[in-house]
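What follows is a set of structures to go through.
The same chain A turns up in both complexes below, where it pairs with chain B and then with chain C.
Right, the complex of A and B next:
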């Protein structure tokens, strides 16, 4: 598997400033605290976790909206935070994004044509005619009619707006699209349509996806690999089917059980105790130990290492050595 | 160009209404628009339209009433020096509207640019601009105006600068706030992801979404600016007499409000009409610029 996008040891800490406008903060929000994974061409890597686990910060790091405190992001082997000028532009055309909120993703004052045109203009390589063709084909790919170009975002429904956002992402013919909860804000009835569209486009255009979600059910049929995050750390990583059939980490198990029970099936209610702790002050040792059903003595004392336990199946848990 | 032609045609073409009849679509905005147009025309051609010389004094005709007392040669009466109020109101239109528009435009321009930069770039830019704003807003305006006028000297251009100096901070603060909230919206982040440069983001994404604030602020300030000039004149730092300016005429006529009420009232009516029409027009313009409110 060619490693298209590779993340190694990435950390992002945000400082909390003490009062007083020049003093350096000594406290840090450890939004992402050491994550490794890779996405191959045409594959989907899904990241799941509760709110506040760092998945959105992770996506922002990949999109160069944030600079990592430590660690690297490599695209085709090159560290993207070192890119400048032409190479940087090239990266930007290769990696695009669709965000969660269909109502905030499109500038309400711009027409759809201009919205889709913008990334094309920013990369500066195409003639006007070529850009118009790309816009037209992008709209066609997302199953929207060409006369949308003259309309404004408010004339479209949530699902249509996400498709417009997708068209904008597709316009530059990227290799990777970061999808940050692309359907969470949509009506349940519309979600399947959009997910299916994403799947079709992936096959057709050989796109790699980083799919971020908090709902395991929707991502199942699309993911090649899964990563489970908790409080800034990745606690489990495995090929998708392996994860769904044999989840190892207690947290992953509970998430899966919660997803399964939504189908109306009764399953033994393993309630996740408590709330997600603050990333300012994560629990000692294994961060999950206060809420873990299988907690042992060693858990509060020592942080488990992320180790490979099965083929391609990595876990950070003292249950598995 | 085609789009503009289509729009104008749509406005004039009669449209079928719900019950199948046809009705020309004319919205009420024509009233304030018309009033403003009248004032603008008077402002441009006024000095040639005055029945009397606005500065011609006639001490024998002080405080004469106007048309209601039968005198049509001085329809709005005369003031303390026997000058024709009607002519002075007309002549004053140009001066008053011009300095107001210029002062507000200058304040708006400076305030908006600084507000956008402070809001978008944050860090030291924000700190510096906001401290300047704090200073500008906390100094009593009379003091600031007097200091500036002493430094710059009296005169039209300097008056514009002085008033702009008093107003810019309000724009800057407001625009900065709006910029901060828009900066965090997803479409701005996505523009960055697409590699759009910072100036382009400000011009194409932030500014169009703060325009409406500027319009509303500007229209609300016209009345304030006119009266501000009057206060400044009173202190000797406004437009020097005998040039007629509405605000000054109002304050001059204050003392005789009981007897020669016309001296203050007619310029006052002019001010009110302009302010009201401008506010209504500003509302309409703001709505027109908001795509969400357009009739599809």
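Right, the complex of A and C next:
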């Protein structure tokens, strides 16, 4: 696999400072705690997990909106946190993002033209004429008419707005787009439209996607590879068809069962007891052990290593040794 | 059979500057005791307004129930006085709203929000009130309920808050539960826990359940029957099994096809063309006509909700 973007042992800890002069030391929220994966050109890597598992922090690390505590993000072999000046700008144009809520991510007081122009101007490489051409072609790519440039976001429906957000991401000709829950804020009947568009564009423009989602059916439809995160750790990583046919980690299995019971496969709702513990104070050993259906003696004592058990199928669980 | 709830030709309209928005426009359905009806539709299809109409909580003064009747346990709710309605709401009909983050008051503890209802509707006070509150929290499986009663909403997680709301709904043993997208704000594993709890609550009370959602998958494991709404009208109503096997309205069929299914991987989804309708400027006749793949000239006139075998109803000229 040609590795376009590679994440190695990345960690992000957020400090929590206590007030008062008697308290000593700082506590840390380990939002992302040692995650590895790679995205190849033109591929989709999806990350699933419940809220608070660190998937959004991970995407912010890729977008250089956060500095990693440890580990690295490599883009075409270069550590992006060492980039400066021109190279940094060029990385920022290569990695773009589309966010969940198209009502919040477009400035209501800017015209569509200005919204799409902003990243182009920020990268500072193009003349006014070239920028106008880019805006026009970006709108064409997302199947919107050219007269949209002079209109405002409120004139568009949710699905159309998400296309505008996508056009803004496409304008700088990126090779990676981070999609943070791109369809979950949209109406059911327009979701399929946006998903089809994303897949078409991926083929046309050889885009790589990092898809963050919680709906497993959507993820299966969109992705080539996927990772399951739990409390800042990646617990399972596999080609997505492999994951859907043989999930190995008990958490992956439960997630899939919970989704399947709503997807019409069976109506038996398998229940995962309890809730996600606080990342401030994660359980010792395997972080999933208090909720795990197959917990063993070793689980609370020792943290399982992330090992390859099948072809490209990685899992962090004591059951597989 | 003695029906718990019979809604007939209900019309809830909003009068705004741009015109009249027919949020609910001639809806007819009924619900028996112990039965669950799934109400499915996109945002703006009128499903939430339908629920608020049953509770007579339509936002005033723009919105008004302009026609029809809502018979609940034999009485027409539209004839009740505001005072009588206050005893029905929360007492006999309980609403489980969508967002547990905003439907609890952040400035009051769980105890004061939960006990308020029991005090008003059941006249409990003192020790019995406390015991009943603890009992309710235990029923919705909140760990160490005595301590949780003193907690404020921000100290609870999303799933826990939704359980507190469940306990509040359960409190007065209502005969009708209305759940308006109760799980959309929750994580998948928490969702599954909550759905099971909701099923249990329904069975224990023998109450009717109206379950509003846009997720057809949830309907399948929660409900006996489904009503699909589009632009303020019910376009199809059927037992759960027959809607998945044999949908008759083109909108339902398109909706079922456009959602990726977990069981298979498809290259392309069949998308529904066009945009959801603007309720102030609905086309004449069938509202789905502009997006419908099989429209014919006849569709310019609104099709009646025709009855088919097996309790299946569909509003389409071409449904057979």
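Quick note on the criterion: the second predicted complex is superposed on the first by the 312 of 321 C-alpha atoms of A that agree within 3 Å, B and C clash if a C-alpha of one lies under 4 Å from a C-alpha of the other, contacts with A are read in each partner's own complex, and residues count from 1 in each chain.
By definition in this document, a residue touches a chain if its C-beta (ideal position, glycine included) is under 8 Å from a C-beta of that chain, and two chains touch if they have at least 3 such contacts.
Since we're looking at a predicted model, the values are computed, not measured.
Asks: Return fit or clash for chain B versus chain C, each positioned on chain A through the superposition.
Replies: fit
Asks: Could you say whether A:218 touches chain B, chain C, both of them, or neither, answering first, second, both or neither?
Replies: second
Asks: A:55 contacts which: chain B (first), chain C (second), both, neither?
Replies: The answer is neither, since A:55 touches no partner chain.
Asks: With the two complexes superposed on chain A, say which partner A:163 touches: chain B (first), chain C (second), both, or neither.
Replies: After superposing on A, A:163 lies clear of both chain B and chain C.
Asks: For A:88, is the partner it touches chain B (first), chain C (second), both, or none of the two (neither)?
Replies: First partner only, chain B.
Asks: Would you check which partner chain A:195 touches, where first means chain B only, second means chain C only, and both and neither mean what they say?
Replies: After superposing on A, A:195 lies in contact with chain C but is clear of chain B.
Asks: Where does A:237 make contact in the superposed view: on chain B (first), on chain C (second), on both, or on neither?
Replies: A:237: touches no partner chain.
Asks: Between chain C and chain B, which one touches more residues of chain A when both complexes sit on the common chain A?
Replies: Tallying touched residues of chain A, the top partner is C.
Asks: Pick one for A:131: touches chain B only (first), chain C only (second), both, or neither.
Replies: In the superposed model, A:131 contacts neither chain B nor chain C.
Asks: Quick check on the superposed model: minimum Cα to Cα separation from chain B to chain C, whole Å please.
Replies: Scanning every C-alpha pair, the shortest chain B to chain C distance is 11 Å.
Asks: Give every residue of chain C touching chain A within the complex, in rising order.
Replies: Answer in residue numbers: 42-43, 157-160, 187-193, 195-196, 214-218, 220-221, 244, 254-255, 258-263, 265-272, 275-276.
Asks: Considering only the defined contacts, which chain A positions touch chain C in the complex?
Replies: Touching chain C: residues 50-51, 157, 159-160, 187-193, 195-196, 199, 214, 216-218, 220-221, 241, 244, 254-256, 258-265, 267, 269-273, 275-276 of chain A.
Asks: Considering only the defined contacts, which chain B positions touch chain A in the complex?
Replies: Answer in residue numbers: 127, 185-187, 189-197, 200, 204-205, 208-209, 291-292, 294, 296.
Asks: Spell out the part of chain A that touches chain B in their complex, as residue ranges.
Replies: Residue list for chain A touching chain B: 21, 60, 63-65, 88-89, 92-93, 95-97, 99-101, 104-110, 118-119, 122-123, 152, 154-155, 165, 168, 172.
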